[in-house]
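Pasting in a structure now, in structure tokens, and then I'll have a few things to ask.
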Amino acid sequence: MLKIDALTKQFGQNTAVDAANITVDKPTMIGIIGRSGAGKSTLLRMVNRLSDATSGTITFEGEEITALRGAAKRDWQSRCAMIFQQFNLVPRMDVVSNVLHGTLNKRSTLATMFNLYPQSDIHRAIEILDRLGIAEQAPKRAEALSGGQQQRVAIARALMQDPKIILADEPIASLDPMNAQVVMQSLRTIHEEDGRMVIANLHTLDTARRYCDRVIGMRDGRIVFDGTPEQLTTGVARDIYGAGSDFSEAATSTEIETLDRPEVREAEAFI
Amino acid sequence: MLKIDALTKQFGQNTAVDAANITVDKPTMIGIIGRSGAGKSTLLRMVNRLSDATSGTITFEGEEITALRGAAKRDWQSRCAMIFQQFNLVPRMDVVSNVLHGTLNKRSTLATMFNLYPQSDIHRAIEILDRLGIAEQAPKRAEALSGGQQQRVAIARALMQDPKIILADEPIASLDPMNAQVVMQSLRTIHEEDGRMVIANLHTLDTARRYCDRVIGMRDGRIVFDGTPEQLTTGVARDIYGAGSDFSEAATSTEIETLDRPEVREAEAFI
Amino acid sequence: MTATDLSFAKENADRLFQRKRLIGYAIPAVILLYLIYIFFAFDLPGLAGRANLNNAVTLASDSWSHKVHVTRDNRSGEITYAVEGERKGTYPEGQRPDWVTGDEVIIIDLGGNHIVRYLPENRTEIELPGFPMIEVQAEGRSLISNLPTDLPDWISASNRRIGITTPEGRITLTGSRTEVFNYFPGWELFWFTLDSPYHGQGLATILFGEQIDPARSNIAGAISDWWNNPMWRHKDVAWAIGETILMAFLGTMGAAIIALPLAFLAAKRFSPVMVLRAATRRLFDFLRGVDALIWTVVLARAFGPGPLTGALAILITDTGTFGKIFSEALENVDGKQIEGVSSTGAKPLQRYRFGVIPQVVPVLLAQILYFLESNTRSATIIGAITGGGIGLMLTQAIQTQKDWEEVAYYIVLIVVMVMFMDWFSGWLRGKLIDRKD
Amino acid sequence: MAEISLSGAPDSVDSIQASYMAQVQRRRLYGGLALLIFAVLMVSGFNVADDRNAGGFWEGLHQIGDYPADVLSEAWEKRADLPSLIAKYFPALVETINIAAVSTLIGAIGGLFLSLLGTRGLARWPRLIPLFRRVADIMRAVPEIVIALVLIFVLGGGPVPAMIAIAIHTAGALGKMFSEVAENADLKPVEGLASTGATWSQRMLLGVLPQVAPNYISYALLRFEINIRASAILGFVGAGGLGYELRNAMAWGPGRFDEAAAIFILLFGTIVFFDQVSSRYRNRLTEGQGQ
Amino acid sequence: ADITEFRIGILGGENAQDRMNSYQCLADYTTEALGVETKLFAPADYNGVIQGLLGGTIDMAWLGASSYAATYLQDPEAVEPVLIKVNVDGSIGYHSIGFARKDSGVTSLDDMEGKVFGFGDPNSTSGYLIPSIEIPQYKDGITMESGEYFGEVKFTGGHEQTIVAVNNGDIDGGVTWADGQGNWEDGYNSGALRKAVDAGLVDMNDMVQIWKSNVIPEGPVVLRKALPADVRETMTALVDGLHERDADCAYGVAAGDTLGFQPVTHDTYVSIVEARKAKIGG
């Protein structure tokens, strides 16, 4: 299905992603872990074509993604939704409009200008919001929502795209533990019920273990681990995070924002 | 020397200072304490004649300060320096110029318009700065200095006035503990070496105790305590701050910015 | 969410989008309606018909080219050669361009096989490729020619006048005169006019070659001849630009000097007397509202034409503008600094000097310098009305439709001047505002 | 108790005094020189201007009221006609305002595109950013009168050349101001939209415009104010509107001074009116932003 | 009373700087004759010179007849006319010429009914004052009010603008000045039309003359009355003798071939002044 082949991205001297190879055969929920600067965001951005690869290819269902240009590229983007750490919504616009932005690729600029979304799309947007439990927020401005709600709006926008793949770049890093849990659960549900592929960058080992079918570890731009959550032992994690022998689960957790508060532990334990 | 007699200040309905009586016979270092809104600032401002009293008199060495007008008032101000919580320097001008502002009252308007001061004054300004340990900062702009340094520039400006009295309105409230200590120590040294009277509004009981010869407590505009630091027992402090029986030293300290960090305690303990 | 709730949410969303669409349509619709109204109010359909694109082409091509006139006066038979047909561009006696040959018969080679021959007895022959030879005889007021009745549109002919426009040049014939205009690219005589000994000399010759004019050294002579060039008048142009910048400078700085003390009167903080404050503000409004244009006219009676009048007009308007801006800046000053200075017993003026001025200076300087740049542009326009500076030269050059290369020259100079002032004021702003007081 | 001077002074006071004095001397010298140069420039500039002017400043000063007095006294004599004259010139005023409004509108749209195309992070063709910036600079530098006068020759007199001229200048001026605003725009929504496959125009329309609109409108209003004056002035040199009428009335001189006064009242009133309205509205726009 | 400088105002149909250049020789002679510095000023329009003369900031100018009348009407004591230009044929006048585009089908004022008519500058004699009085006398029913006989009456701002406006079709007919000598196809011997022809902006084959005024007296060279008598005498003599002294200079000052200048008095302009006064009333 998705094949990433020797994908490399360089920023000047700095190699952010170094000859990454990933093959995915069927819709899977994949977590990418690695410490800050490992190249996780860069990798996802290349898959969505927000930035161009320096070399290497990405192929999806036989189509070479890295070669797409102009309208074809935008068409790919519409099939490959992206969710960001900071939500990246349009804050001054209402929630439904933000969700409808998922259909922009199908609409002309003029139609967007006059808000000419078909009624069926509007209704579908509400249904998606309802599925994510925030249908009542529909007429509010995005900026008026809490972080967790905003992230769910971002997921709704992604679903509105009806994508084959959903990419999520640290979707829960700005959220408190309760909201983080709701958002991850939503992604998991989407994966399971709709059979969409989900690739999420995650900062926390335990989240990756809990929600993903497959975990990829990156370090200094290279893929240093690729396996099931079960294979992700403390020793492997130590490698990924490049920590010494004093490494412990707790250590990664403390490094990671969502877990540096004790409540998180409690919240997750309580699930 | 200084006699404050039934001094009252009203802002509309609100009586900020209510018939205050203070008599000082010889140069003393006096601390005024009291909670926010007690009228401490208002009292000092009336002494400096930055604001006018509603009724009552201030007499200094037989001269009735409250009756002065125009040039005579400005002359009094030049003999009665004032130091502010926010330093109130001219941030865009260099340190020496700020110190030289202390001589404005003695110099002709025309010369000062062009920033022309006699060399002897400039030399004296630098000597004062040296005494306060910030002579190297002389050519820098005031805004480029740290808070503690700026407050010392303000003290230098006060000293430049060669005043009989220095009034300090919460001189250390905006400073971190280390700087607070340096500034209070400077004021104490000035008092001791030059024999100038110093009246300082202070937020913290312990600072008042440590540095002052005499402590005046104000509450709701009235003077409710006037005695030596030794007389300032916890019970008296409780009265001044209007606290209940659960009042403790620690409670006032926590209320007070400079002491709400643990390091302060350590720093002061270490002296 | 229950099904009814959900359909309710959907209805709500539908209504929301109805409303948004309405606004989405309304704004462009209002703009469109307004533009349609303007379309007719400004008579754009008529304008399209009236617009003279030929004029535009003539002007555009004239702005980068020049023409040399070869004129025969049919009464005296005298032939003159002149750049742009101007007296100052006339070839000296005995000289003529090298594309003119012949003595009895003057042969003018316009290039591209376009040849005009001035024959004796006011006869003219015109040879154009792909067109039969044209012969014209001038007799008294009328012209006798062999032109057919059916003429291409590049020939305009009557029995009094014939005009021929070709890509190589233009020929006009009337009873009294026969004239050929040969077009060349470039701004001819930009450096030296024909009577200067340096005309046609290369830069290297002038700089390093032998002395050309025995009376003067090459460089001094060349500079003086260029500076005093009677056709392009570099000296006058330089003066005019200087005058324009001078108007802007005097006006802006004068306004700033006057506005600063007045602004104190208009600022609530410094002027407790309400009446005085209101009066000062109204004065500012008045000065600004009357506008430099009208001040120019008012002042012209008292001071006559010239740069001073323009400078004063700018000064008066900008006093109003600066007054408003400055007093707003003064309202926003930080009281702490003033209090600090006051507490030392400083006198009122000293309080302003040290408590207020250092705070407002950056704002003031930035504004003054910004206006200096924009006033350079205004000074161009005001000069055109009051009679001074490059603006007057430009408007006159345009209105008398003389030489469009001159117009182009002035336009380039004005744009360069304004861009220079823009850069300069930005540079000065950076220098001054970062500086210590 | 601890020493006062915590920061030990390696330099002796003398050397600090000496170096500071040197600095003061230098500053006084530069300050004095700058002041002197400025004063010399002002005085000599004034003298040059005074010299090159037909009338001198001091001789003319007492006559400054002559012209207004002529105009006002005549207008006062014929004050009964004033209302009808104001009504007569009202259409010309409408034309002047229309010129300003259309050119502000067109200029703002032009400035909008120039700013979006010339701002890093937003530009459609990042490599062309310097080009669009230079274009804006040049459009800003050309005085309106230049374009207007040239266009009058091609298009004939009337409002259109003035409108085009002002619009060009406005586009350049607003292009610069707009792009300063756009530079500070938050790019996150733009990236969010890009990830859904939105085109450039959709990204700008939905991601950037809502953010910058209040500032853009505020600047456009300020420009409208300026353009009313510009359009009146251009009328003076041949484009239509109130300026044209004013020039004719004033050129004719006595006998028509009442007309001149009526036009003047209209013009003054309009400028003050829009000035007040727009500054009030602008304040509201930029204040509302804080929330 | 002594003067410290002498200021000459210039007005006319030529580029300001060209005018300045043509007048430079006169300025030099003036400096020589009066012993004071002489300055030249070229305001943007007629009104600029008029205001200068009234305000006392301009001492001498060569005005148009109507501009002189305007000055006289605002302040009869401001200036006095001293000299008038003499044409090559000895006449001292010129004409206002009405013209239109040939392809518009307009051949006379009769055809102009309901069409757009253009004047030049309101202070111009031939571009406004005379035609505004004489055209209504052409036949009954003609007035110069917009919308009465003509569809619209406009001011183009100056002679050059009128010609361009007619040529472009902005206006259907307009008036400008010409000496009325020589041939129509050349744009006459001198005048605004001739200049436009020489510049290649109009082709006289495209133009027709639709009206011609009676002879209009040339404008006077005026001197400010407040000037000392000896200065006025010196200057009058200087300009009067200019043609004999320096023909090239006179050519430049008079903007063409002339026989020089001859004395003139206010009487020559009484009718023009009356006409202008009448216009104000109407």
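The first chain written gets the first letter, and so on, giving A, B, C, D and E; residue counts start at 1 in each chain.
Basically, a contact is a pair of C-beta atoms (placed from the backbone, for glycine too) under 8 Å apart; a residue touches a chain by one contact, two chains touch by 3 or more.
What you are looking at is a predicted structure, and each value in this text was computed from that prediction instead of being measured.
Q: Expressed in steps between touching chains, what is the minimal separation of chain B and chain C?
A: Graph distance in the chain contact network comes out at 1.
Q: Touching both chain A and chain C: give me those chains, sorted by label.
A: D
Q: If you average the CA coordinates per chain, which chain's centre is most distant from that of chain C?
A: Using the mean of the C-alpha atoms as each chain's centre, the farthest one from chain C is B.
Q: Could you name the chain whose CA centroid falls nearest to the centroid of all protein CA atoms?
A: The most central chain, going by mean C-alpha position, is D.
Q: When the Cα trace of chain A is superposed on that of chain B, what is the rotation angle, expressed as a multiple of 5 degrees?
A: 170
Q: Skim through the chains and flag the pair connected by the most C-beta pairs in contact.
A: The chain pair sharing the largest number of C-beta contacts is C-D.
Q: State, to the nearest whole Å, the distance from the C-alpha centre of chain A to the C-alpha centre of chain B.
A: 58
Q: What's the distance between the Cα centroids of chain B and chain E, rounded to whole Å?
A: Measuring from centre to centre gives 82 Å for this pair.
Q: At what distance in angstrom does the C-alpha mean of chain D lie from that of chain B?
A: 49
Q: For chain D, what residues touch not just one other chain but two or more?
A: As it turns out, chain D has residues touching two or more other chains at 52-55, 60, 63, 66-67, 153, 156, 158, 237, 250.
Q: Using the touch definition from the top, which residues of chain A touch two or more other chains?
A: Only 113 qualify.
Q: What parts of chain E, by residue number, touch at least two of the other chains?
A: 7, 9, 41, 51-52, 55, 57-58, 157, 161, 164, 168-170
Q: Write out all the pairs of touching chains, ordered by chain label.
A: A-C, A-D, B-C, B-D, C-D, C-E, D-E
Q: Which residues of chain C touch chain B once you look at their complex with the stated criterion?
A: 336-337, 339-347, 349-350, 353-355, 358-359, 361-362, 436-437
Q: Quick check on the complex: what are the chain C residues that touch chain A?
A: 1, 5-6, 9-10, 12-14, 16-17, 20-21, 24-25, 28
Q: What residues on chain B touch chain D, complex-wise?
A: Spelled out, the residues of chain B in touch with chain D are 96, 114-116, 119, 122-123, 126-127, 130-136, 138-139, 181-182, 185-186, 188-189, 271.
Q: List the residues on chain E that touch chain C in their complex, please.
A: Listed in rising order, the residues are 7, 9, 13-18, 20-21, 41-44, 48, 51-52, 54-55, 57-58, 157-158, 160-161, 164, 167-170, 182-186, 195-196, 198-201, 203-206.
Q: In the complex, go through chain B and note every residue touching chain C.
A: Its residues touching chain C are 48, 50, 73-79, 81-82, 84, 86-94, 97, 101-102, 104-105, 109, 112-113, 141, 154, 157, 161.
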